[in-house]
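The same chain A turns up in both complexes below, where it pairs with chain B and then with chain C.
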Partner chain A sequence: MKGDRKYILIFLFPMAALMSIFLYYPFFKSLYLSFYRTKGFFDKKFIGWDNYERLVSDKLLGAATLHTLELMLYVLIFQVGISLILATMVDNISKFQRFFRSVFFFPVVISGTAISLLFVLFYNYNFGLLNGILTGLGLEKVLWLSESTALKAIAVPTVWHYVGFYFVLFLTAMSKIPADYYDAGKIEGINGFKKMTKLTIPLILSDIKVVITLAITGTLKVFEFVWVISRAQNNTDVLGTYIYKKALVDQNFGYGSTIAIYMVVLGVILALLANRLLKSDEITY
Partner chain B sequence: MKRSSLLLLSMMLVFTMFLAACSKTEEKTGTETPNTTETPKEEPKKDVSLRVFSTFGGTDAARESFQAAIDGFTSKNPNVKVENDTMSANDDGFRTKVNTDMTSGNEPDILFYFTGADAKGFIDAGKVVPLNEVLDANPDWKAGFAPAALENMTRDDGKIYSIPLTGYYEGLFVNKKIFKDNNLELPTDWDKLTKAVKTLSAKGIIPLAAPFDQSHYLIEYFMLSAAGSKGHNSGLANGIDPNWEKGYAAMKELYDLKAFPKDAATIDLSMASNYYDQGKAAMVIEGSWAIGNWKNKEVVDNTTVMPFPVMPGGLGTGKDVIGGFGSGFYISKATYDNPDKKDAAIELLKSLTSPETIEKIANSNGGTSAAAGVEIKGTTQAATDGFAMVASATSINKPIDNVVTPETFSALRAGVQSIVTGKKQPADVLKEAKATEDAGTK
Partner chain C sequence: MQPAISKEHKIRQMKSSRFSLGTTLMYIALTAWSLTTIYPLFWVVNNSFKVSNDVINSSFSLSLKPVLVNYTTAFDRINLGKSYINSLIMSGGTVLLVLLFGGLAAYVLARFTFKAKRPIFSLLYATLLIPAFATVVPVYEILIKTSLVNTYWGLILPHTAGNLTFATLVIAGYMSTIAKELEEAAFIDGCNRWQMFVKIFFPVSRPAFASVSIFVFLWSYNDLFSALIFVNKESVRPIVALLSQISSQYGTDFGLMATAVTLTVIPILIVYLFISKFIEKGLTEGAIKG
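Presenting the complex of A and B:
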């Protein structure tokens, strides 16, 4: 037992080193910078809690938070929902399962920026694909990225991008359910939709919990879809784009770091909340 | 089972071969460098490798000319290896790249970058060297520059840190054909502009392609037209110039006349420029480099450029132009202090800013020449018109983002959409911007 310790430390070291350099160090550096007023890269001044006071009264940040939460709602309902439905459907077929698995997983591999550029060309008012179809049908052009619809329009590629990832997670979870449960269910006479709601979903609840946590934390990081498609205009400014604007466009790293801390806190609270709401007993087969 | 393990084994073999190959090349370069430092006296010229960081990459119109200039130098000086490191200037990412390089001790040997407020940080921090002495030591080189260009590079302390290449101007680019087809006069004054806007928008043509978020040129020309050269250049440091409100109000006036694209809020600058290039927009406020970027020959051939007209009550002369020499080559201090690199870097710089190179690059990016006596004729009528506009300008002004902090400029940009849609009053936006400026310069 004692000899093992050495090996444990040796094997843990690389990961610990990576985590400290790329995760903990930047986090504490952000915490440190959040107490400074920075002027570009070369000049900074200690200002105490000023950045946090600004954080509390910042209306744009409040709006960005609300937009992020709205996007999160879409992601939770549609991303998790669609991937769950797709997984159940694919789990129930015997042929072409691999084919569907690759097809649905495919968008995850494409970079978010590339997808966003694609959707810029879909939504463009003057020569976008969607308006091209509408004018072809003799209908009026629609401003897809208007103040009221832009965020919903952005939610579409955001949801689509990661559906495949959760789909694979669900599918793996479902494949782990022993066949006896289904056999028993068959004898009891449940089929189709009832099978999904009474058997499959309760049995993979812990995986659904993981997926929901991933979806929540993932939405907090959304950046490229908003930045590329709408340049964070028309009520689409989310936390990811707001922090970018403050830190990198305005070169106010002090306040940018303060927003980063805020995002971490918000993320932890939301994840804890989700865990609390979905509390259930672990199921072991 | 057996077959798959065999496959795995062979794949691993291939991988190790790759790894071996990689490590070998690394070893090679590793042994090469000490060799050259060990035997410096036998060879007349040492192998030097220089990194030049610029924005002449990606879709930049001058990318090929710049690469050719570097190739020309390296073919004459085989001992110097030049790494042409580039990043697109389209977004703010490259500012971050330059600044991180500068703070983290990873300075490029030669940097092509802005000269205004952007450069203040690393100049004050002593990361680049003043080049007055070098210029004085090479009188032929110094004499090759137009005095105005060097004057533009001179900072408040009288020192020149950057060597100019080409200048630029911003202007109102007008598609003459669209104006002619609709029996409109060119927008030389405000009435003609508003008349054109009304007529064109009624016909479904975008009158003025402009994005609200990347509204740099829009803000600059509207403020210049409203507040005149002096009011524009004073920024916000000494209080708010009330004429700036007029500039914003004029934006709203044009917006109400449907001057801007319907999706102006969400498009970026390149999309706005694209609308013009596609012939969907009749006017666009752009920089001189846009001419080289536009692909549609029919549009380019029918393009002329003029200053933005003066709005009623505006203090501009109607011949005020935004432009100048906004960027130049810097030599980093680390390179300057390194005796191996110093001379090579200076020679490279001389070659990159020789009248011939300047002419070639100015011809490809439509910029003005920093070299004395080099008249750029302009490869297109639009470019020729642009040079004529600059030559007859009553004032040449640096853009507003040279005189305010980046955060203030963001506030001014963010104000555009809220003002034109009526959510905010110009005075309130300017008050907010002033507060940001005060907080930022404290």
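Presenting the complex of A and C:
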């Protein structure tokens, strides 16, 4: 159309401007800052790879990485697993589909902070819901947020929060599978569990990949659950809370930026790895 | 012919009898999971109507004589109402800007043909790899230098930038499916590109716009990390930051905590129940195709 050039420029300009100022520029600035030692915003000194050397020998960062990976393992097994099973079940029933869809999505719309507070109330030693059940059954109270169990206690709400989201994604993917496939399977005598493993899962493998990628990048961003439930104490520091402490509580922007770059690299590597592993699976089916 | 039909008949019968047990088990499992999503909410709402002592001693019993003391405290002492308004303004503002800018960009990317299109898409996808952690310090610096920190814009602008990619991809995906005839008819009627966007592409793509606005609103309303850093002053503090504050300051007032959780969650849940149709529609047509 005539005069399109003008409109292309005008229509794209706001997005380009906002993204440049608030995403691209800050990202490259972080990369730049990761080579500096900083004091506040204005006093900085070039120190080469020093921050990266510190990164490698930082034991607390290593622990935070391990905690994040542990959380990621739970998320990949339970969050993706439960949502896949729930979606298969809802796909196979005829009544109450809408009800389950709506109810399963509830936690997704609730903020992580509110869910964390909810679980603070559950885990509370003296009056929490869980210890209430235990005393009701005549059992001993349990210290849920002790050093050895706190991270697992945090994993529960983390998993629970987004099951509904992946459930809807899986259900949508399953509803797109043509009925002929299932009819053919039926004639072959494929039913129930076999139908899920031999038909449904291979057919939605690309969606499973998307979900796994989302789950990996999502777990790297976990912050609220740890910050509110355990205040990042008792061996529960994850990368999100660690960077918050370093960069914003201690105001160490240089080293904080180095951690940020480390997190981006880690995320990209893990996502690529997951996609590579799943690709080899696809060929075997 | 005859045997084939009877065979198929037999299979169907076999299936239905087998399924009744399997189906029952499935309903039981699904109901069990829905209890895990419903009961905690019920528990917290129920406890919000009790004084702290009753929460401690009998958190399971139904509050037959509800007390409103926690609610009056929430609004009087910690000024929850103000935080509601802050959240609404900032998350609402983010949604409006994202819809406008994302919609325009999506329109260009879906309906115009020009050379730079592919690189622009690559640049868009690249932003998905940049987490908030990697931008927060320089953004904070920008906001301080422009004295936008602790103002509404201090959260609206970063949130808008952060959500634009998602919005643009979903809306562009939807717009590219709209029939060309509509566009041509509008052109013959003498519409320019802006009028075409406002009069045709925006109304026709309403489902995509609706689902985008829901998700952007949720993500913005629920984002604690940015809120703690960019807008953590009482006059502009959104509800998530206040919640975090309450938990550290009034951590022992369990009734009040239950109320604070209730007040954050219930409005969102009610809105969700009304618009859940759009969420599914939007996810079906947009996000997955991305």
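Everything that follows uses one rule, which is that the second predicted complex is superposed on the first by the 258 of 285 C-alpha atoms of A that agree within 3 Å, B and C clash if a C-alpha of one lies under 4 Å from a C-alpha of the other, contacts with A are read in each partner's own complex, and residues count from 1 in each chain.
Quick note on the criterion: contacts are C-beta pairs under 8 Å (C-beta built on N, C-alpha and C of every residue); 3 or more make two chains touch, one makes a residue touch a chain.
It should be emphasised that the depicted structure is a prediction, and the values quoted were computed from it without experimental measurement.
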| item | value |
| --- | --- |
| In the superposition, chain B vs chain C on chain A residues touched | C |
| First, second, both or neither for A:126, with chain B first and chain C second | both |
| Touched partner set for A:225, first chain B, second chain C, both or neither | neither |
| Contacts of A:162 with chain B and chain C, given as first, second, both or neither | neither |
| Touching partner for A:39 - first (chain B), second (chain C), both, neither | first |
| Touching partner for A:8 - first (chain B), second (chain C), both, neither | second |
| Which superposed partner A:248 touches (first chain B, second chain C, both, neither) | both |
| Partner chain in contact with A:21 - chain B first, chain C second, else both or neither | second |
| First, second, both or neither for A:170, with chain B first and chain C second | neither |
| Chain B/chain C common contact set on chain A | 41, 120, 124, 126-127, 231, 248 |
| Complex contacts: residues of chain B adjacent to chain A | 92-93, 95-96, 99-100, 102-103, 120-122, 124-125, 206, 211-214, 261-263, 265-268, 271, 275, 278, 280, 405-407, 410, 417, 439-440, 442 |
| Parts of chain C lying in touch with chain A, wherever the complex brings them together | 11, 15, 18, 22-23, 26-27, 29-30, 33-34, 36-38, 40-41, 43-44, 47, 55-57, 59-60, 100-102, 104-105, 107-108, 112, 114, 120, 123, 127, 129-142, 144, 157-158, 160-162, 164-165, 168, 187, 192-194, 197, 218, 221-222, 224-225, 228-229, 240, 243-244, 246-248, 251, 254, 257-258, 260-261, 264-265, 268-269, 272-273, 276, 279-280, 283-284, 287-288, 290 |
| List of chain A residues in touch with chain C within their complex | 1, 3-5, 7-8, 11-12, 14-15, 18-19, 21-27, 29-30, 33, 41, 82, 85-86, 89-90, 92-93, 96, 99-114, 116-118, 120-122, 124, 126-129, 132, 136, 160, 164, 168-169, 172-173, 175, 186-187, 189, 191-192, 207, 210, 217, 220-221, 223-224, 227-228, 231, 239-240, 243-244, 247-248, 253, 256-257, 259-261, 263-264, 267-268 |
| Residues on chain A engaged by chain B in the complex (per definition of touch) | 37, 39-43, 120, 124-127, 143, 145, 147, 150, 229-234, 245-246, 248-252 |
